[in-house]
Each structure stands twice: as structure tokens, then as C-alpha cells.
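Reading through the C-alpha cells given below for one structure.
First chain written, first letter: the chains are A, B, C, D, E and F, and each begins at residue 1.
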């Protein structure tokens, strides 16, 4: 039994609110328990220089936290004048995860810019960002299809992500901040709805982990992400 | 009759949601129509170097917009590596406005950092920020009083702000984005609940303005800010 | 009677030296007592990207202080690697003030870059900058007219600025540094020669101010700026 | 049979040259085929602020490429004025990998700064960096033990890393640049000499991957890293 | 006969105006013909970290040009966010030149910060800066001696500088901008009043130069700098 | 007799290893005793904006040190976010030295980017960089001639550089770090194979120097650089 009453293999309550902001082509508030992230998808009519003239599109992501999303206030990266290593790592992960399910030829010479802004953090912000950003991206692309700007939906399948960890020797699904702080191992899995992996990242925070532990965490993640695909689908049907 | 049905001297619907985020000592979501700003107040136990050892406190503010708060996506200042002129101007204004109603001796050697993050912009973000930040600041300081860390509330009176403009020759209260874009003159007033001014900023966007026009705008602002003090008070009574 | 013998409604001695530097199209040394600012106007044959192809021009300004313009040496913004908030605020103010009296269509697709470099500071550097920059701008544009590059002078009227403050309860015109440091309220007025306002900025440094105080400061400013228009006119007639 | 004649499960020729530079406490040139990285370990007598006074040490890493380590010259990050996302990601990975095998209490309040500078790149620079940095770190710490500054060697076990990928559907060990460019999946494994994982990072470059493919890559990595431990041991015995 | 009527071995008219600004401990306007530089010396009561506790002082310099000191306006380094290579080179040269004639033990743990701001450029700005900065430094230190803060003047001798070049095969003293632009060789000499060299910098702009040419330029420089020492001495006697 | 057994007029052992890296068009490892610098020459098909359309080429240089090239580790300039003054000074010197022996018309609209990366520093890194960069540049240009992209070799003659100093009153050729640290005067000479000077830079570190001392240093440098031309020629003949 976990601190918040969940079993080891349970997700926190996950809520997806679509059309959260009025200006963006796609916008979602996603909540994993107390973790809350605003994900927006902005469509632009051009691509980065390395893709120009190739008839193919691009999806990229930026990630940030409000200064007081966390227990103690953190400095703004705009004030520090540079984007930190952790932020770089996360926004590159989000971008790669979404590109993996895109058919860039169907998108044509357009970019979709994903913004994931954490307004409240309680563990698992990067995996919540990916899961929510997929829905925002879907809405933005669906809008283009409906307006006739795209002939077909460029998304090949769904993508979602979850964190798993080992706390006191026990593998747990979807760690909150308290659990994450005391985890011996922390793994993030990004999967597509055809049950294949896009990204796997495991880090031994305190103690290296064995093949058997990696397999146990992988099993937890697979079952958790299947549940996330259902939640995404329900949100998109409303 | 205005675009959205308001009269010239009407505010948009203003909503203040307290305790919006769980980690901050004070946190508010303030809405002026479609303008939505998250205001947080974070208490820190130290002051900037120029105040150390003087037994007096400090209040400072930072302001930012989510990239997709606006019609077209704007670049993050963290990615550009520097804070722009408009941001500087606004966060200095918010800080001065709040300091004007503080008794810094009662605060002691503590800082309160105000963060105003615009999640959706439709005109008047700086005046909404000041009006909401006052409530977040109140909650943060009230918490210190209740915990016995402060002997008395260091706020001397309330502070709120509103924008006024001249559109097609007519003075209008609380401009939204469409009105603001076509205004000949734009003025921001920051007042305290004793009916005195903390900041007055008027800018001729298209045409210089006369003493009579300034007086008309000032009258509109005074009546609008009085209504804002009521709204703040109601929010704080809940 | 003020520290330097002036009455409450007197300007300091104001001197304008035209053609101060040999390379700039317009260049002025303006002195308000011990405040000395070099203002130059540089004409360039292009406009910023957002104006290209519209047949209209642009005026923009930059402001800086020599490190030892002040009592204690201040760090160079070039060494710090970024332009501070105060500098941003002032250079935006100067740019807006000058644009307000320009007919940008008459200017055509040209930019005028105003540089205001304070070589000695004794209060009122931003208002001295605006007042002097107008003369430098006039000279630069007049040169284009005389060379036949412009069909008509694009300046619609003159612009000048002055600071006013309340010190020990008394409204004073054109504060020097000592007065400014102890002022309860500080207001800057930018007006055109048709007696209309371009910018009004008032800040309560110590105590909020009343409608009556604002009106008293406004009256002082109007009379002071009228005198500045005479001084500008005399300088331009030499 | 691979492009360079290797079998799917073969490493490139790996060479470790110790004491490569004369000033560093530990320094190694490591070569994985044509990939060449200089790894140095520098001992400093202090720790970062968050660790001060705790009696415990720290290991951190920086990674860089010479501009012409690559086929086409890349810009220096010092000229661009910021460290890119890929560099951040890699240097954080190297630091975490080495810290995982350290007993920080035995190190005491000292820092070891690892520098990995790629002088020639042909794929696998991050895994070569980790493998070589371990040897440089060993030498630096061994020097402290021999000088009597440390009572015992703070390294608990060895750490090494290798990349694996799927190219044309076949899992291959230790990809060179040509193979890496056409890989469908790219995984990096960091393991300790007790056969446990410190870091696992898998990315689908072109096509998501299955559980079975992940297992096949993991098996290749485990056998490759075992061979790297032998090579490290041989180098340290010379 | 040169463009401006001078002979090959003549300086331009050199003027030194002391006490040019009211706040700095030493301040000079130096003019070499149309080249005009404001040099200030600011005394601070501390030294850089590498000198703390050694009882010895420091002199350092910063150099900048007003944007419109030049024919076409140059960008501010503060706006670009970094100090350029040429600026770095010049300010390091000025600092080294002045330190060469200082007795840092007599100065004690104090710093003197030299600022050289070019308000109008017509060639030779770095040599004018050194020549003027010496006088500003003298005045600042003399003030400390007169106030009894220093027991003795820490300047061991005078320092001055001049440029020499080869134009159309002829060695010329003190090049102005037009001459400098077409010079085949450009040399700067910094000398002390004991006829010794502090800095010698020669650069072949178009064609390498011979030993004989270097000697001819050196002779011109020695005679020119002797004249500069007279001018400095006359300025200091007024 | 010097510390390392050399006579006053002797170079350290100089070794030039060509084709040191596989990707660059020209690449050299140059060693002056324990000073080791990797010099590469990268050919690009474009020129900087100020040269476009003129049919003429460009050569520019960047210089850096590995953090642990030195006795104590130095911070990376990429982490500090800016290139320091010393680096700027050196890379500008290297660029000017190489451009002095180029026929830019023969090069056509191409750039050659020289990178000098010091992997181990023991004095004289800038002069070793110039001497090695010439060979890398030669190889890169020779490759273009052999591929028929250039009609003729654009190098007019060879260029090399050496440092000279006065230590304990004695002029010494090619100072190592220990000698450099205690030198009273430090001069760097860059010469072409026609015995003419491209750059001369002398700095009094402790004591100004006389005409006679300058002449003695110049004689040492001329003889040392003649020997360097032989070493370059031998390297290019292998």
C-alpha cells in the first residue's frame, strides 16, 4: 500500500481537459494526480532550414516549469539567460517521442511546435507532458484535416509515457514526487499503441539494477501505458 | 456599445480563484474576461544584498507569458537568452506597485517574490497581474501572521490596477486585445484603496492627447478600480 | 527656495549645442544643469523586418550611461552581457516619444536611430535625452530635405520632456539628483508643441499621491515644457 | 558481415592509452576504432555548495567535441555562447554513470571533474567517453591513495558503456558513424562489473521497437561490456 | 606633405582637458585632432580575488566607442550581449600599459578602474586612450595623496603611446583614419618617460615589413612620444 | 644553460605530424617540447557577408585550450558563455598571420577555417599554433589544387612564429611555461619566409625594455624562425 493509498501497479488519477486555451490550434491541461501540465500545439507554415524544400514536416517541443510549480521557487531560465541541462533533455525527449508516430510526408512543409508548461509539479512531469502533448497534437492536426489543409491525418498511432521506479526494493508505477525522491531506480517508458517502444530511459539513482528488475519495471510500464491509451481515447471522443 | 456588449465604463467579468497552486504561500488565478494570469507569492528568508542587516524586507516581481498565451506563438525568453524590454518594464511596474502598499519594517528581513505568468492573453495583462498579485501577496503574508512569524500584517492598504484607452475618440475602461490594438491612447492606472495613485502611465499610440482626455480617462479608471477593490475584498472573504 | 537657488517652478539652465560630433547626421550635446547627454541621429536606408515593403519609416532609440557618469562607477552593460530593465524602459520611452511627432509616410523606407549617451548624470537624464534627441532628429531630417532626399520635413511638431516631483510635500519642476533621491513622487511628462501629451509616467516613490497633487505636477510640467520648446527653437535658429 | 568486416556481436578495436597528458591527475586517450576521446580527471579540494559541510564528495563531467572532430566542421559552443542540448544530455549521462560506482564518503569533501574531449568522432562518443573516463578517474583516485590523501579507493566497482543498434532489422554491437546514421533503433547501455545497469537509454530513430528487439540488444550489450571490463583491466595493469 | 598638411613626423594637434566630468576621481578629455576620448579613473577600495590579502593594488581598463563615434553607426556591445575581440584587445592593452608604470605596493589594496570612451573616432583611439588615461590616473592618485590616503604617489614614471604606419611606402607618425585605412603596416608603441618600451605591436595590413622599416617606424614613434610627454606635463601643471 | 639544458638561442624539439585527424582537409599535431596543439584547416564554399560577390576568399581562425591542458583546470568558455579576452586576442593574431601570406584572389570565394586546439600547454601556444596552422592550411589548399578546384596554390610564402623573452636579464628563444612565468619581457614574432615581419608584439611584464633589448630579441627570433621554416619544409616533403 502506497502513501496515497494506491497499489504498486496503479496510475494516479489522470484527467485530460481539451481546448484549455483559446488561441492555440490544440491545447490540453493534463493532470496526473497533483502534476498539472498545459500542453499546446502551434502550427506554423514553415520548417527548419535543414528540411526546406523537401516536402516534409517537423514536430519539435519546448518544456518549462513555472517558477512556483515546485516546493521551493526555482529561478526562471529566462532570467538566468540560458536553458538548463534538465530542460534540454526533457524537451528533446518530448520532441523525439511525438515525431516517432508522425508521417512527416503527410504533414507537408509545416511545423508543429509543442509547448509543455508545468504549472504544478508532483513527479512524472515529462511523461505527463508526452501523454498530454499527443492529444494537443491530435487536435491541432485534426483541425487542419477538417479545414481541408491536410488530405489525411499524419498520426500513425498514439503515443503515451509513464514513469516506473524501484522504492524500497519494490517496483512501483507512476511515481509521485515523494516516491521519486527516494527511488533507487527511475525508468521512463514511451510507447506507441502498437505496443512498441519509442524511448526507454533508466537511471540508477542509488543502486545499479539487474536484468530481472528491469523486466519487472517494463511489465508495469506496459500495463500502465495501455491504460493511458484508453484515457487519451476517451478524451478524444468527448 | 462595445464589441462584447459592454458599456464604455464597464469592466469585463473579473474572477479571482485563491489557492490555485498547492506549493506557493499565496497563489491566485485572476481572469479579466479572456485574460488569465497565475499570480504566486513566494516567501524567502533573505533580502537582496543592498538591504542586508537593515531589518527591512523586499517585494519583487517577475512576469512572463506562456508562448501560446497569444494569437501567434511567441518565442520563449529563456530560448532567446534574454528578457525583453516589455517584460522588464512590466515586472518593474508590478514590483513598484506592490511595494507601495507594504510596510517593509513589519515584514522584517524577508523577501516576497511575486510571479505573474499569463496563460491566456486578451489585453490588460499587466493590470490583471497587479490586481491578482495583491491577493496572492495578502494570502502569503496572512499565512505568516497566522503562523506567528509576523506580529502584524505588513500591508497598509489594497492596491489594484486597470487600463483605460481612447478608441475612435471615446474613452473606454478595461480594453480587451481588439480594442487595445486600435486605441489612440492607452493609460494604465495603479491605485490604492485610499484613492491615491501609485503609478500612472499614459502613452499616445496614434495621436497625442489633451488635458481633458487625460481627465476623462482618469475618472473612468478611478471608478473601475473601486469596483476591483470590492472584487478583491469578496475573494478574500471566501 | 531650492538647494541650488531655483524657485519651485524653474528649470535648471538648459543648453543645446548642435553639430557636436562630426560623423552623425544630427548630433547634439544637451545640458540640464550638470546633466549632460550626447544625442545623435543616424539615418539608415532600411527599416525593421515588420515594416519592409510598406513604404513607411521608423525611428528607434538606444540609451546608455558612461560608467562614470554617476557618483559611483556602474558596470558596463556590455560587460554584464545584457541590457538592464531601467535602460530598456528609458530607450523604449525615447523611441515612442519621437515616433509620436513623426509622419512615417513622409520618411519613406528609412530608419533613424537615436543614440542618447549620458556622459554626466545629475537627475532627469531621460527627459533631457528626449528634449535633445528631438533637435538631433530635426537636424538629420533637415539634412535629408536639403539634399533633396525627402520631399518634406517628416516632423509634424516639436516634442520635449521634463520631470516633476514632490519633495517634502512641495511640487518641484526639473529635479536634480539630490531632489530626485528624496522625492515622494516622480512624474515625467512628454508633450508636443500643440500642448498635447505623448507620455505621462508617474511613480509614487514613498507615498501614493492624490488627484490634486497630480494636477499640480501637471501644471508645473506644462509651463516647463513650454520654456523647453523656446530653447529648442532658439537652438535651431542659430 | 559488416562494412568494416566485423561480425554483428564484435566491438571495434579498443585502445586505452594512460597518462596521455602531463598535467592532469588522470588522463586517457581512448579509441573505439576511429572514435578518439581524451578523458581527464582533475581533483579539486572543494565540493559544490549543496554538498558543503557534509563530508562527502562529488564527481561531475563535461563533454565537448573539437570543431573538426566531425565530417563537416561544427561551430564551437563557446562562440555560440551556450552549451547545446545534446552536449548537456551527454555530460549529465557521463557524470551519473561515474557517480554510480563511487563511494562518496570515502572521497571526502573533494570533487573530481571529468573532461571528455572528442578529437575524432566515428560513432559511440558518449559510450567511449564513459569507458575511458573510468580509467582516468581510477588513476586520479589511485594517486590520492598512494599519496596518503585517501585511506581507501572510493571506487566500488568498474563501469563501462557500449552502444547497440538495429540496422536493416539486425541488432549490431558498437555502431560506427555510418551504421549509426542508418540505424532504426539506437540504445546505450552503461553497466557495472557486477553485471548491473546504471543507465539504459533506447531511442527509436525510424521505427518503434518490440520487447524482443530490446532483449536482443540488451544481450549484445552485456557481452560487449564484459569485454570492455577486460580491456580496462589490462590497461590498468600496465 | 600629408592630406591635412602635416609633415610625416608630425603629431596632430593634441589637447588634454582635465577635470572633464564632475563625479570621477580623475577625468580627462583627450583630443588627437578629431579623435576624442573621455578617460576617467575611478578608485575602489578593493582588489580582484586573486590579489586579496596581498597588500597590493590593481589597475584595469575598459574601452568602448559611442555607436556614432564612427562614420557609419556601429552596434552597441551591450545590445549584442558580448564584448568583441577588438575591444578586448584594446582594453587589455590599456590596462597593461598603465600597470607598467605603477608601484602596486604603494597603491595598497585598492583598484583603479580606467574607462576610455571614444566619443569621436578618427584613427589612433587606443593610443589616445593610453595617453589620456595616464593623466586621469595621475589626478586620481594625486587626490589620494593629497587626502593623506596614500603616503606617496604610486606612479613611477609617465606613459604615453602613439601609432605609426607605412603609407605608400613612407613611414608616417600618428595616422588619422584615412591614412590608417590605406596603411601597409600599422604599429603602436607604448613608452615610458625613461625612453623604454612597455608595448610594441606591429601588424602588416597589406605587405610584410622589413627590419629597416621597423626601425624607421620606431624612430618616428620615439620622437612623437617625447612630444606627448611634454603635452602631458603641461596639462598637469595647469 | 637553461632549466631544460637548452642554450639561450635554441628552440625546443619541434615535431609536426601531418594528417593527424581523418575528417579535416588539413590537420596537424604540432609539438614544441611539451606544448601540443592540434591545428586543422576546414574548407567551406562561402565567404563572410562583407566579401560576398567580390570573387575573393577568406581565412579565419579559432583557438581554444582543453580545460586540462594547463596545470590547474580552467573553465570551458562554452560553460562561461563567452570567449575571453586572451582567446580573442590569440585567434585574431593567428587569422591575421595566415591571411598575410595568402593570395585571396587565387582562393576565390572560399573560406578556410583554422582551428587551433591546445591539448597540452607549456608556453608558446600561440606561436606553435601559427607554425602548425600554416602546414594544415598548406595541406588543405594543396588538396584543392590536386582536385583541380584551384588553378594555383594561393600561398605566396611560408609563415611561422616564435616567442622570445628576457629572463634574469638574458634574452632567451622559445620560452617554456616556467621561463615565461618569470620573464621580464615577452615578445612574439611572426615572419614570412622572405624574412619580413607580419606581426610583432612585445610586452613588458615586469620592467620596460630598451631599444637594445628589443634588437637582441629580434635577432634571436629571426634565427629561430629560420629553423622553423626548415622544419615545416621537411614535414611537407614527407
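Just so it is clear, a residue touches a chain if its C-beta (ideal position, glycine included) is under 8 Å from a C-beta of that chain, and two chains touch if they have at least 3 such contacts.
This is a predicted model, so every value here is computed, not measured.
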Under the touch definition above, the chains in contact with both subunit D and subunit F are none
Count the residue numbers both subunit B and subunit C use at their shared interface, divide by all numbers used there, and answer same if that is over half, different if under half. same
Using only Cα atoms to place each chain's centre, name the chain farthest from subunit D. C
Rotation angle for the CA superposition of subunit A on subunit E, to the nearest 5°? 180
Report the chain whose mean Cα position is at the greatest distance from that of subunit A. E
Once you find the CA centre of subunit A and the CA centre of subunit F, what distance in Å lies between them? 51
For subunit B paired with subunit F, centre-to-centre distance based on mean C-alpha positions, whole Å: 59
At what distance in angstrom does the C-alpha mean of subunit B lie from that of subunit A? 33
If you look at subunit C, which of its residues touch at least two other chains? 81-83
Ring order of chains, beginning at subunit A and proceeding to subunit D: A, D, F, E, C, B
Complex interface listing, subunit F residues touching subunit D: 21-24, 27, 34, 38, 40, 42, 44, 62, 64, 66-73, 76-83, 87, 113, 115, 117, 119-121
With touch defined as at the start, can you tell me which subunit D residues reach subunit A in the complex? 82-86, 88-89, 91-92, 96, 100, 187, 191-192, 194-204, 207-211, 214, 218
